[in-house]
Amino acid sequence: MSRLDRTRTSPHQLRPFFSSQNLLNRADGSAQFDFGGSSVICSVVGPAEVKIRDEKLDRATIEIVARPLVGLPGVKDKTLERNIRETLEPLILSGLHPRTGIQIVVQTMKEDGCILSTAFNAAILALLDAGIPLKSILASVTCIIDSRTNQILLDPTIEETTHAKSTHVFVFDNKVSISSINPEDVAMDEDSKEPSHTGILFSDSTGLFTEDEFFECANACFKAAQAVHGFIRTAVSKKLEKEYQQTRA
Amino acid sequence: MKEAEPSTNEREFLLAALKDGARIDGRNFYDFRTLRLSFGSDYGAVEVQLGNTRVLAKVSCEVIKPYPDKPTEGFLMFSTELSPMASSAFEVGRQTDEEVLVSRLIEKAMRRSRALDTEGLCIVAGEKVWSIRVDIHFLDHDGNLVDAACIAAITGLLHFRRPDVTVVGEEVTIHTLEQRNPVPLSIHHIPICISFAFFDKGGCVIVDPTHLEEQIKEGDMTITLNVHKEVCALSKAGGIPMELDQIIQCSNIAVVKVAEITAQIQAALDADAKKRQVSRK
Amino acid sequence: MASSTTASLAASPAFTFSASTFQKLHPTEYFRKFVSQGVRPDGRLLNSFRPTTVHQGVITTANGSAMVRIGGTTVVCGVKAEVAEPKLDAPDQGYLVPNVDLSPICSSAFRPGPPSEQAQVVSDQINRVLKESNVLDLKDLCIEEGKAVWSLWVDVVCVSYDGNIYDASLTAVMAALANVRIRKPTYEEGVVKVSGVDNTDEDDNSSFKLKLARTPLSASFVLFDTSLTLLADPNFAEEAISEGQISITIDEQGKLCAVSKVGAATTSLTSMRQCVDRARERSQELRAIMNQHQ
């Protein structure tokens, strides 16, 4: 079964990634992340001055501003802001910068499906670029279940999404979660043949699907997220190498 | 966050350099920064880089009902909200004076100069017209947002293609991009904004100021011209008073710049059109 | 060393304080003491939900309405049908617009003014469940193609807020939609006529009900502490100290309509499975409660 997106041959294939860090001058950190035809740019300012109303005594205040490509910011963008904030806030070691503000602006540049996942990946790259201390690094992948073939398609385009019976967004971090190491879970996992370290940091699914389909999607996305993790790692190390060479020159 | 004032050292250095006939980024007084245009994969998406200033324009369209008093006129809307991404001095939901000025200038330059034929957007009089929306996103602010936004907006409109429609009696069919080649908008002329900043009580005039230059300037002026040497808008809001001769001198400089920029926009559009043709084959 | 100091301090009468003071000072520690014994401060077991009631038809002026109570959380939902013009690109489809209002009346945690982020997020969640799970065919709301359609305004007002607003709101929305009666309109030469007076007679032929393809209902959980213990149906205090929230939305055939997990903690797939199982039981219970009052 071929995909609607004819550039790809397998249902589990992701579109080519692209990223670029430190591309804005006025922000403390910035990054662009692309999944094929979808592109999100993200800027980070901080730790900086914060409005007294938002000041927190023991940690930094994290503010997310999401801006759509077309039209005025609406409910969708508010949800995007909430999802990104709730996921990033715990990753940022905000206790190191009490009474400051960290502002993250997320701007969609090109829209071709999976905007939430693209935004997550762009945001983490921008935070890394800004040098904000983090607990772990996340990677996000979206998948759909095609209504005609019941197949899981990873990283769908808008065109493919129109035939989806359900959409699933997952975020995974790059550390083995403590909760899944306890012996009970490992025993469980041997039966169900799931990677025991699969820990979900964020998940958002809508549509109509069965329990088994949900966990199949989670596993498929987890495997794909490893590739994104690898990509983020390479992107950061390449950037650091370049900076190191520049300082020596 | 409030914008930090430039330090006395920065200010003195910049002014001293100008006195010696030099700008701190090495440009001559009448030089524009390097202009780069890049197009997205879909129609009407343009990213403009003017030195370190970065603007993204995205043109979109939808079919709506026209106003009853103007039944044959389509809509052209601009959204120019300044995002905190460009500078943390911009806050969400609170318009700064700068933002009001920028939006007004773009509105005047593009809409009031009738660059776009809004009557050509009519599908069925009094029933259905096209509404064209230009979302301008400011990504990085290193001065001269107006010129960059104006170039982005007009290039976006030139690049944009709307779906083709056929009208049979009352029946309106909107063809998808696969069914029929989309059609370009009809654009009367290409207005280009050229901004100047004044220093030394008007004794020193520079083109395309950077953010630092904008912070220190004594006055400014924006001239909107097209390639036919027609003035579309001229805005000098406040700042030091200028001699009439100087304004005429500025417009002479602007004529040259507009010709250069228009040629560059055309070249970029042609190159993109060629690329699209190749990829379709 | 530190523990002995605490012990000696606690022993002195000046440093003993009431349970409620302790809860305010160390909310997590206070909860931990209960949770380690397998109960919660309000007497519930870890996986039990609060007493829930559903009343339909509480607002007589609305086309459909419901009031839902889950413990201390009370929401009222009213559905109002209005005649509207359809969109040009969807001439045969009506509108279904859910909106959740969290005003200062329900809790001091909310400020007056434009809708809070939480209110917008809950509205969006409900909207997506209704749309993506095809609860209602919007073509059923068509009066005359391209001319007139029904627009259903589904407004949820929270009267009292004590956590788990999503479960309460979704239940109220589904109960209110099931309660909707709209009188049959006639379309003649550009004028929509709705004859007669509003009455809610069951056998009245002049009105119609909505055909709901399914009734999605949800169950929410929070993850507590580093042990990531699952607490079902969190109240306000439990939400405030949670490490993450999980919501599972299920229809009557046991199909999942939405799954969401947000927050700090990483959840293993095992605990996700536990949530789905518990949500299955809960949605059956909730359905029984809904039908009992119908």
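Chains here go by letter, A, B and C, matching the order in which they are written, and residues are numbered from 1 within each.
Here is the rule we go by: a residue touches a chain if its C-beta (ideal position, glycine included) is under 8 Å from a C-beta of that chain, and two chains touch if they have at least 3 such contacts.
What you are looking at is a predicted structure, and each value in this text was computed from that prediction instead of being measured.
S.K.: Of all the other chains, whose mean CA position lies farthest from chain A?
M.R.: Result for the farthest chain: B.
S.K.: Point out which chain occupies the most central position, where each centre is the mean of Cα atoms.
M.R.: So the chain nearest the centre of the shown protein is A.
S.K.: Could you see whether B-C or A-C has the larger number of C-beta contact pairs?
M.R.: Between B-C and A-C, the larger count of C-beta pairs in contact belongs to A-C.
S.K.: Rounded to the nearest whole Å, what is the centre-to-centre distance of chain A and chain B, using the mean of the C-alpha atoms as each centre?
M.R.: For chain A versus chain B, the centre distance works out to 33 Å.
S.K.: Using the average of all C-alpha atoms in each chain as its centre, how far is it in Å between chain B and chain C?
M.R.: Distance between chain centres: 46 Å.
S.K.: Counting only Cα atoms for the centres, state how far chain A is from chain C in Å.
M.R.: Taking the average C-alpha coordinate of chain A and of chain C, the gap between them is 27 Å.
S.K.: For a test of understanding, state which residues of chain B touch chain C in their complex under the given definition.
M.R.: Going by the criterion above, the answer is residues 63-65, 128, 174.
S.K.: Can you name the residues of chain C that touch chain B in the complex?
M.R.: On the chain C side, the touching residues are 88-89.
S.K.: Spell out the part of chain B that touches chain A in their complex, as residue ranges.
M.R.: 1-2, 40-42, 45, 47, 52, 54, 56, 58, 60, 79, 81, 83-88, 92, 133, 135, 137, 139-142
S.K.: What residues of chain C sit close enough to touch chain A in their complex?
M.R.: Residues 117-118, 120-121, 123-125, 127-129, 132-134, 226-228, 251, 254-273, 276 of chain C touch chain A in their complex.
S.K.: How about chain A: which of its residues touch chain C in the complex?
M.R.: Chain A reaches chain C through residues 75-76, 78-79, 81-83, 86-87, 89-90, 166-168, 173, 175, 177-180, 184-185, 188-189, 194, 198-211, 214-215, 218.
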